[in-house]
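Here's the structure, in structure tokens; my notes come after.
Order of writing sets the chain letters: A, B, C and D. Residues in each chain are counted from 1.
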Amino acid sequence: MEFPGRFKHFVGMACFAAGMALSAEAMADTIKVGILGSFSGPYASWGVQFRNALDLYQEQHQSKAAGHDVELIYRDVGGNEPARAKQLAQELVVRDGVQYIIGLEFTPTILAVADIATEAEVPIINLNSGTSSVTRASEFLTRTGFTQWQVAAPAGEYAFDQGKKTAVIVSADYAPGKDALDSFRYGFEKKGGKILEEIKVPLGTTDFSTYLLRIQEAKPDVALVFMPVGPMSVGFLKAYVDRGLLKAGIDVYVGAEVQETDLPALGDAAVGIHSVFTYSPYQDNPENTAFVEALTKKYGAKGLPNLATVAAYDGLALVYHMIEATKGKKDGTAAMDSIKGLTIQSPRGPVTIDAKTRDIIQNVYLRVVEKRADGVLYNKTLATQEAVKDPWKELNPE
Amino acid sequence: MSFALEIRNLKKAFGGLEVTRDVSLTVAAGARHALIGPNGAGKSTLVNLITGVLKPSGGEILLGGSGIGNLSQAERVKRGLARTFQINSLFPTMTVAENVALAMVAHDGADARVLDNISRDPALAARIGEHLLRLNLADTADRLVSNLSYGQQRIVEVALALALRPNVLLLDEPAAGLAAKDVEMLLDLLKGLPDTVSVLIIEHDMDLVFRFAQTITVLVDGRVLLTGTPEEVRKDQRVRDVYLGRRHG
Amino acid sequence: MPSLSTLLSLFIDGASYGMILFLIASGLTVTLGIMRIVNLSHCGFAMIGGYAALALVSMGLPLLAALPIAVLFTMAVGFLLEQTIYRVVYRTHEFGQILMTLGLTYLMVATINLLFGSLMQNIPVPEALNGVWLAGGLTISKYRIFLVAVSAGVAVLLWATFEWTMFGAKLRAAIDNPRMARASGIDVGRLLSVAFAAGCGLAALGGVLGAQMLPLEPFYALKYLVLVLMVVTVGGLGSLKGSLVAALALGLIDTFGRYFVPEFGGFVIYVTVFAFLLVRPRGLFQNA
Amino acid sequence: MRKPENTIGTSVPEMRSALRTHRFGWFEIVMLVVFVAVYYLLPGYLPLATQVAIMIIFAISLDLALGYGGIETLGHAVFYGIGGYAAGLYALHVWQEPISGLLVAAIAAGIFGIVSGVVVLRAKGLTLVMLTLACATMVHEFANSMRAVTGGDDGLSGYRIDPVFGLFRFDLFGRTAYIYSVCILVVVFLIARVVANSNFGLTARGIRSNAQRMQLLGVPVLNRLVLLYAISGALAGIAGALSAQVTKLVGLNTLAFTLSGNVLIVLILGGIGRLYGAVIGSIVFVVLSDRAAAIDPFNWLFILGGLIVLTVWLAPDGIAGRFSALTQQLRGRERKS
């Protein structure tokens, strides 16, 4: 076999050809955007929200940006499967010739595709993973969700401001949980609070009784809690309330765990749980009202959005902006440059992409779960902290 | 003179129940020795003691002059004691040739060789071919054992044991369940065995025993009643009483 | 040294967790004991029960009324499947059984996903069972006490059926030696059908009652499967008593392990199971 | 030593078909052609084809253990995962050279095969199934709790992989990854084939057929099974390592029950004890799940579940088994006519 020499040559040719193909694509007036998400498997609720938002945005803009047709290509990662995410991202770039990729829920999956963003100069918009460091994995990565630090550090501060002097931190034992631990502690201690104990709960835990017992025994003023949204968050909070910890006066502060889409699973138990987060569908601003109305009109009650929906909506808005800025040409660097420092009016309030870190700057709200007269559970906003940058990046400059 | 297999004062008791009572037995080199006895005489227990399935309560078992009483079944096989089973114990999902090959490879101690290709080993193929020819199994070489008739499987059972090149071959009721013509086939085969193999056969089929054995030991109630030539056994009144009388009336 | 009330709390938590595992595992151990088939769909029946109860509750039925209907419904589903698909499962080789029941589980997951969506679901606990009792320094969840009481009742009922009824005697015979049982005129096939359906019912009961601890979601059927299989294996195939002891032990070990060596969290229970199976590969109580 | 050309030597050719071994035939040629054709004709599908190649390696490793030795395992992902983590950690801390990475992974997984095999393989049947499952779950949980080393649930990432032979960079298009994986696949297939066709392969089949009798032929069955388990584990480790090198990330999912279940599905779908069953099964399974997931991600589990149930129902010996049964029938007909 004599392929070594030829092979190198071949790769060069192929890259060139692919480049040609891509630019030809651009002239053909259809710009493809790859959507990676969990549309099946245990995390399919993410995919549903992504799709709701993206299809709505496409409809509202007649799938046209800067005179070009925008086509969304959905690919199912089916959960936290890095190998599959990488394979699909590669195929989207190479085979389908997408210029942008939106999606992904998990830190491992987003890290697995970071290389592709760099190498193919394809901007990738991370919709969920809250690990601060993720955006550093590639110059072409940005985020429209939130970082754990962004909500948990203010949560620590707010809790202290509400008169809580001692706290126990409970978090699921994985990287975002580690971020949550550090950021809760940072926020709470900055104000002068005292952390009595840190409790790490292994992923996949379903019976939380022992951890609750430890909280009970530590007797803090407040519990600062981070759990991955889903079985763990619902299970933990239900058990927390059922054990009477909330009644006993140990307030609980969380982040994404009490989004309105998950409140029905918690039921009335959720009333009185505090959270610090960036979005609620019952938030009162014109963009949000229009957004929720359009979604419920299109999808009915199932269209109730959460941050994933908003993140996807804003993510596609960023893509549209990039397409306009580059006039539909494939130029990842120019596209990324065009969104640095950009501010858009998101349903969650104004959102800016940090010019330096490519991370998101947004408002953070302190809320508490209440029950409306019609029986609907929702988060009532108590306070707002505007234009919060990711504190971790401030503390850990590159 | 040295014996191929020698049993001295072998005892076995299950709890208080003595099943083997002080049995002594010698199988000469190249002998055709049969062990008979009525049901419950303790034949199976004796087989199990000799092959190592059971541990004796007392006494000695010597194979080629050295004691094997404390060895495991597999170690006794390695020392040259092969056996067949009352109920076929073959490799049903494999061909006849493969069954024999397994035994040969195991006997050669080559069963863990990862690099030898079995189908490219002419010496092995020749040995298998020769072995199967001798046992009249050449036609069935490429057939799965599970597809053979019961009679053929009994013969493969013998073939497997012989492939281990034993000094002593212990045949545990080889004719059990065989049709008359298959018994003839088996007998032919056993008669053709080389002299280098000593045979101890445990069998119910008296016709087969008397036509095959040179020496017969009669076991009754866990004790040796008599050892002698077929003629002597046939004539012995005690044997007639306890055994032949009842069965062959 | 933790206080007595802590230990007691842990004990109740562990026991209630264990009892749920027992309810789900009990049906599996009986069918495994008789047929020696690895039924990887068993947790799916617990899930079906849970979702059936959920559907009924969301139609306005109180949980305690929905519970028996859900159990009966699951038994019916189990019976139907046993009469059809499992007939094929019985015939095939061991790995065919594993595969087929795994495939069936996938189908269950897909169906639930289609009907109820992928989000986690909550079956609200009746008001009377909500909250805790405070006794001294001890906080006891009412629901957990209820759980322990109900499942203990079921366990006693099971034991009585097994020991004192004709059906139980036949079942024991069939587990002990299916061939002998068949030879002595017991219709093992029918016995198995009944046991299978009953097992599905028990699983459903566990699924509904345990929904607070093992929350309902479409992947329920796969998620808790390993745990339930371990209960059955540690207990010994076919032994109800074994499953009960194993489930309680695993529940307690898990709970205490998480409290005292939190850094090893979920790891403790698997090490224990592994070590135990090495020493006693046939489990706690398996005859032969 | 007898010579093959004596009178009995006439039966030598006969023995060749009676001692069933894997022979190269049209299947291997077709597969090679397909792999080459995919490279030139379907360049957009190379990442998918790479996943297929990796799955084939993994399934072949399982076939050695299950199809040849009858080791019933529901925890084979443990080797895949260990191989993956070994390759990842090696690249992160020692050297980024890929081929030595594969070797390190194979050794690590092989050693784990010996250690766990000595312990686990004493059991049989259901207990063995459960022990392998418990063992895999244990390692999964262990990897989960050793966050400092493995990255826990976030996966092990942040390592680079050097170009293969210092020449071929892992490119965006997945060309290098594909050719590299297919070459490793060919090597693994050849290794597996040598093992399967050897005395040892025969012994393994004997153990699967009747372990007790093997013991009585004087073969130390446990030792042999451990050796087989180690070889199988090492090959599975190579599959895991390949995945780690191609993806540049190792997640806990490489150790998960789902993967153990899937590889079993793949093998039984294809047919066990034949080596090429693993090839067919992987192609069908990976391509079908990819397509089904692309067409209807919300409901593709229906397709997968239905496919499994139907396969076991209609073709209990797998696709390869169905196929060889068919060809045998045809041959039988030819003979009769």
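We take it that a contact is a pair of C-beta atoms (placed from the backbone, for glycine too) under 8 Å apart; a residue touches a chain by one contact, two chains touch by 3 or more.
Worth saying up front: this structure is predicted, and the values here are computed from it rather than measured.
S.K.: Computing the C-alpha centre of each chain, which chain sits at the greatest distance from chain A?
M.R.: B
S.K.: Pick the pair with more C-beta contacts: B-D or C-D?
M.R.: If we tally the contacting C-beta pairs, B-D comes out ahead.
S.K.: Taking the mean of each chain's Cα atoms, which chain ends up nearest the overall Cα mean?
M.R.: D
S.K.: Taking each chain's centre as its mean C-alpha position, how far apart are chain B and chain D in Å?
M.R.: 42
S.K.: Roughly how far is chain C from chain D, centre to centre by C-alpha average, rounded to an integer in Å?
M.R.: So the centre of chain C lies 33 Å away from the centre of chain D.
S.K.: Counting only Cα atoms for the centres, state how far chain A is from chain B in Å.
M.R.: Taking the average C-alpha coordinate of chain A and of chain B, the gap between them is 75 Å.
S.K.: Just how far, in Å, is the C-alpha centre of chain D from the one of chain A?
M.R.: 37
S.K.: Can you pull out the residues of chain D that are in contact with at least two other chains?
M.R.: 141, 144-145, 298-299, 301, in rising order.
S.K.: Where in chain C do residues touch two or more of the other chains?
M.R.: In chain C, the residues touching two or more other chains are 113, 263, 265-267.
S.K.: Going through chain A residue by residue, note those that touch at least 2 other chains and give them in order.
M.R.: Within chain A, the residues that touch at least two other chains are 40, 44, 173, 202.
S.K.: Between which chains does touch occur?
M.R.: Pairs satisfying the touch definition: A-C, A-D, B-D, C-D.
S.K.: Which positions of chain D touch chain B when the two form their complex?
M.R.: Residues in contact with chain B: 1-4, 6, 8-12, 14-21, 194-195, 197-203, 205-206, 208-210, 212-220, 223-224, 227, 231.
S.K.: Where on chain A does chain C make contact in their complex?
M.R.: Residues of chain A touching chain C: 40-45, 48, 173, 199-202, 204-207, 209-211, 213-214, 216-217, 230-231, 234-235, 238-239, 242-244, 247, 261-262, 264-267, 302.
S.K.: Hey, which residues of chain D end up touching chain C in the complex?
M.R.: Residues in contact with chain C: 66, 72, 74, 119, 122-123, 125-127, 129-131, 133-135, 137-138, 141-142, 144-145, 257-258, 261, 264-265, 268, 272, 298-299, 301-302, 304-309, 311-313, 316.
S.K.: Hey, which residues of chain C end up touching chain D in the complex?
M.R.: Listed in rising order, the residues are 32, 36, 38, 85, 88-89, 92-96, 98-100, 102-107, 109-111, 113-114, 222, 225-226, 229-230, 233, 237, 263-267, 270-271, 273-274, 277-278, 281-282.
S.K.: How about chain B: which of its residues touch chain D in the complex?
M.R.: 73-75, 77-78, 83, 89-98, 101-103, 105-107, 110-119, 122-123, 125-130, 132-133, 138, 141-142, 160, 164
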